[in-house]
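Below are structures written as structure tokens.
Next, two complexes with chain A in common: one pairs it with chain B, the other with chain C.
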Partner chain A sequence: MTAAGRQRATALAASLGAAAGGLLVMLGVVAAFGYDARDVARAFGVAVAGSWDRFAAVLLVACPLIVIGLALTLAFRCGVWNIGAEGQYLLGALGAAVAARLLARGPGVLVLSAVLAAGLAGGAVWAGVAAVLKRYRGVQEVLSTILLNFVAIQIAAIIVRGWLVDAHSADRDTTAEISAAATLSILYAPAGLHAGIVIAIGLAPLLWVFLERTTWGFRTRAVGLNPIAAGLARIPVGRFGVGTFVMSGALAGLAGAIELSGNTHYLTASYASGYGYTAIAVALLARLEPLGVIPAAIFFAALETGVRGLQKSPDPALAGFPTVLTQVAQGVVILATVMLTRTRLGGAGRAR
Partner chain B sequence: MLSLSKITKRFGSAVALEDVSIAFEPGSVHAVLGENGAGKTTLMRILFGLLQPDSGLITLNGLRLELRRPADAQRAGIGMVHQHFKLVEQMTVAENIVLGERASGRWLPRSAVRQRALEAARRTGLEIEPDRRVEELSVGQRQRVELLKVLQHEVSTLILDEPTAVLTPAEVEQLFAAVRALRGRGCRIIFISHKLAEVSAISDVVSVLRRGRLICTEAIGKLSPADLAERMVGERLAPSERQPGRASGEPVLELREPPLSVRRGEVVAIAGVDGNGQQELTRAIVEQAWPAHIADDRQREALVLPMNVAENAILKRHEEAEFSRCGWLRRAAIGAFAERIVREFDVRGPGIRSAVGALSGGNQQKLVVGRELSGKPTLIVAANPTRGLDVAATQFVHGRLLAARDEGAGVVLISADLDEILLLADRVLVIYAGRLTPAPPDLSGVFDASAIGRMMAGLAA
Partner chain C sequence: MNTAAWSIFVRGAEAAVPLLLAATGELIAERSGLINIGIEGTMLAGAFAGAAAAWWSGSAFCGAAAATAVGAAIGLIFALWTVAGRRDQIVTGLGVNLLAAGLTGVAVQRITAHCAAAGTAFTPPGLWEAAPFDVVMVAAILLTVLVHIALYHTRAGLTLRAVGENPAAADAAGIRVGMVRTMAATAGCAMVGLAGAYLSLGLTRTFQEQMTGGRGFLALALVIVGRWTPVGVFAAALLFGLLNSLQEVLQPALGTHVYLLYPALLAMPYVLTLVVLAGWAGRTRPPASLGAPYDRGAEA
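Presenting the complex of A and B:
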């Protein structure tokens, strides 16, 4: 095996080990809570892969995680620590809702394209704020993006309650459903799985091609791994930082638009989902490899779906099962990923 | 008597110290003098327990010392003031002095902290202002705090690592007064420096290191700074086979500040001890001319270690039509180019698709040299291009630089290694405190090494 191949194999083993470790620790915690771990494991397995319907439901959750995971992979590969995917996702959804409302009538393809483009734009603008703050005021993006998440939540709530509100809704805090022309088609009705999953899965190899085969991707990686050497090679490091940041935000926004258009069909004043945070774990577990994002997203989607399934399980022994265990597992997986291998997180340049 | 005998230390294949024996007497200031890379700092790190020698003995008053960690050295009464201060800027002077001491109880009241600091100051005769924050202090005052931190213990041996590098002349005087007072109390002071005038002024005995070997240990009384320079730099004869360049008169670099012009076909060497403005000079040249650049710190400035050999080979040229078309990388051409560099410049490693970080330092440097020289550059800036390389790799890099010169490139060689400069240079300028001064012209085609050495140390030629 070549050295590079060996490196890839170790990385894969580390990710698998982290995922398995997360599951095991979750089961251990479950046992400590007084549940029978074997029952839980069986019920969990049924909930995520017991039937095509169940697996399609996992894919439905994986869809936004894949797209946002790719957005973050792009940013992290350029050394941009975008923690604000949640806000970018939200403003993408908001942009999409606005476009859907303005273009209620029109040829389907055009409306749908406009809705998705508005999602890209919404996320791009929001990431752009943090990018400009970083470039011109030196504000660390780890801080600004996470704070902008809260601002985004409020902006979305104000607009949903105000301009976009559906006057017929009970609490006046949801929008009307988007028109049929603005929705993504459903691929598998029993689980509500929509065409967004095709877009999501298709984006992964596209991002890989971008990073590995184009000059832009080459520069993006060089800037992320050693900005000093990249600058001395006359790559405009600052501009790449801003550009990649905005592209990352646009992708996260696209995830919001896809979710609105394919799954929820309307916004609520409290639309924030936490996908933007879970996707950080997705990107890390995937070790910033675009193709790894798909299985990593499915893994985290299965965790979430599985625990929700446990709660609804007819087995009386599992009644009142705590959802917080998803977060325990998530935390363990992230820690294990970072521990088992030195990720590139924060390791731009070299350790000396 | 603190004695080092037959100390040898290697890093990989590079020998940092070979068979060095020095005895340090109490009540005297003993200078250890040498150029950058001569082994001074390695020797002191061994003496302070930060490094272990591969072979050799350290004895104190006839008893063998095992120095595995700094705590061992401290127990033996050895204290060290590092070149780079280790202070907490946001804390007060008194807090910094007490920092790291075992507290006598669970609580450490401010008054007790202050008291202990003042007590230490009184005992050592070093004046301090205990309540000021370190961030408000001048460099000289900070150094005094460092000194006090060390001297509050019973210290019989004090190591000062390049203590004057960052001080103003007045601060240097104050430091020297403190050093003399310590000597008067029987302390043994080891003074590491490459500044000849200061070594003459403060020390009683001097040991000179060159390339990891001890050249001599002598009483300072008989030695002038010029004598010291000669010992530090050595008797060097430029090799007779050196082929002078044929400067063609056509300039490839005209720098205004500092003034520097380089013509095709010549190697202009900038000699100087590190930290005299070389970095600024390099940046000025790079930003004006974007030359082929063999960077001083290859891992930081030249290579992207996690990227593979092929990607690093085209780092600076990836936009050229040969390697990219309409935004797409041309993988076959890139691979062929990388293979060519690897072959021509003898870069040994696991292949062009493996990370550059997996190559040895010498092979990384050969890759950088290969990449930079592959484009037939007209101007080359090489900063310490052979630092850390073994003999074979050094000769290889030298050969390539001379070959590039003979093909018509103008070469700026910035180096702290006088041997390298004498070997390659067609003209020599000395950089000291940011200023460039031409070295005296040679009559017989051989540069006057001791004159250059004196200029590097800030003395008149």
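Presenting the complex of A and C:
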């Protein structure tokens, strides 16, 4: 085996180990709190391999996780600690909803493109705020993006209630459904799987080509690995930092637009899903490899689907089963991945 | 001062206590060169441990002690990853946050179900019934003074600052960098755990999922706003606490628009933090080695 091959095998083993560790600790917690761990294990197994319908339902959840996971992979590879995907996703969905509202009638392709583009723009603007704060005001993005997540949640609530609200809704807390022209087509009706999954899976090889086979991508990685060396090689480090940040936010926003257009079709005042945080675990489990994001997202989507399924189970012992359980697995996977990885994730020198 | 204004001030001071404790705890870790964004989860774990231990033992002080111990344990785990393992501090902190949110969420659901089955509610005894004055508030102020004195007037404080500014030089001078950082992370997180207990046993008498609601992240910002000094952090925490009680004053003023505009009030502390950071962060200087693992022989 070549040195590179051996390195890749070790990396794969570490990811599999981290995933298995996450699953095992989660089952241990389930058992420790007096539930039957076999129920959870079975739910997870059924979610992954029960039937095509079940797997399609997992893919439906994996779709936003793949797109946001790719967004974060891009940012982390450039040494940009974007923790704000949650807010960027939310503003992407908000932008898409506004576009869908303004363009209720029109040729389908045009409306759909405008909705997706508005998602890109919403996410880009929100990431842009943090990027500008970092470059021109010296505010660390780790902190600013987290704070912006909290602000985004409230902005979404105000706009949903104030402007986009469906006047016929009883609680004045939801928007009207978007028009048919603004929706992504359904590929597999029994699970509600929509065309967004094609976009999501298609984006992964695109990001790989960008990072590994283009000069721009090479420079992006160089900035992430060592900003000082990149600067000496005349790469405009500051501009790459801002540009990659905005691109990452745009992708996270696109995920929000796809989710609105393909899956939920309307917004609520509390639309935040936690996908933006789960996707951090996805990107890290994939070890910041674009193609690895797909299986990593499917893993977490299967956990999510399995636990959600348990909550709806008719068995009274499982009713109200805590869905936050999946966060235990996410935390363990992150801690295990970072411990099992000898080289530093996201590059050696974080630009200060 | 009239009584209404006084009660607003008191509520603001109370809101400042968890921020002050958490930010001062984070300050200790950061002065040693560790940035711990896991304090949000640590505070949440402290809030849960405090409520659960107080409910189980019937003593609020027992709860506060348990919260402090749980905080210290999490700090030790953080140090195991970032100091002994030299792993990335940001990623480790994120993992801690998710793990704490998940574990406390599952646990509180189980306890609530248990209480419901017994026909009671999960209400731990409160700190304010346990003593004639606000013990934790007094402790928070005393700890701030203590940290100030320790940091600038003792040998231990000098050692801590030396490790944070130049770990290689400190190492050469015979200081055990790893030991200092591990102790700083542990002591700092103990304070963060106590901050959590104040949420679940002082400000409220219950534990809810995600009840810290970003206070840990605000505390991280307060360390920067307070320029990495205990006195600065104290002033910043008090200011934010008072702004928090202002929120309560403003709420009735919204009148019929409360449903629409209340989210704006909720967003206010975060927007304000960002504005202050934007005007401030560029002009402050963090400890020189902040965020960088110390690798003997690898650093210049």
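Heads up, the rule we're going with is that the second predicted complex is superposed on the first by the 326 of 352 C-alpha atoms of A that agree within 3 Å, B and C clash if a C-alpha of one lies under 4 Å from a C-alpha of the other, contacts with A are read in each partner's own complex, and residues count from 1 in each chain.
Convention: a contact is a pair of C-beta atoms (placed from the backbone, for glycine too) under 8 Å apart; a residue touches a chain by one contact, two chains touch by 3 or more.
Bear in mind the structure is a predicted one, so any value in this text is a computation, not a measurement.
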Q: After aligning the two structures on chain A, examine chain B and chain C and state clash or fit.
A: clash
Q: Determine, under the contact definition given at the top, whether A:320 touches first (chain B), second (chain C), both, or neither.
A: second
Q: Tell me which of chain B and chain C touches more residues of chain A.
A: C
Q: Please work out whether A:167 is in contact with chain B alone, chain C alone, both, or neither, and reply first, second, both or neither.
A: neither
Q. Can A:228 be said to touch chain B (first), chain C (second), both, or neither?
A. first
**Q.** First, second, both or neither for A:154, with chain B first and chain C second
**A.** second
Q: Have a look at where A:109 lands relative to chain B and chain C in the superposition and call it first, second, both or neither.
A: neither
Q: Tell me which partner A:284 touches in the superposition: chain B (first), chain C (second), both or neither.
A: second
(Q) Considering only the contact definition stated at the top, list the common interface residues of chain A for chain B and chain C. (A) 344, 350, 352
Q) Taking the complex as given, what residues does chain C use to touch chain A? A) 37, 81, 85, 87-88, 90-92, 94-103, 105-107, 109-110, 113, 209, 214, 217-218, 220-221, 224, 259-261, 263-264, 266-267, 270-271, 273-274, 277-279, 281-283, 291
(Q) With touch defined as at the start, can you tell me which chain A residues reach chain C in the complex? (A) 29-30, 33-34, 81, 83, 133, 137-140, 142-144, 146-148, 150-151, 153-155, 157-158, 161-162, 172, 269, 277, 280-281, 284, 320, 322, 324-332, 334-335, 337-339, 344-346, 350, 352
Q) What residues on chain B touch chain A, complex-wise? A) 286, 290, 293, 295, 299-308, 311, 315-316, 318-319, 324, 327-329, 331, 350-351, 353-355, 357-358
(Q) Residue numbers of chain A touching chain B in their complex, please. (A) 2-4, 7, 213-216, 218-219, 221-222, 225-226, 228-230, 232-234, 344, 349-350, 352
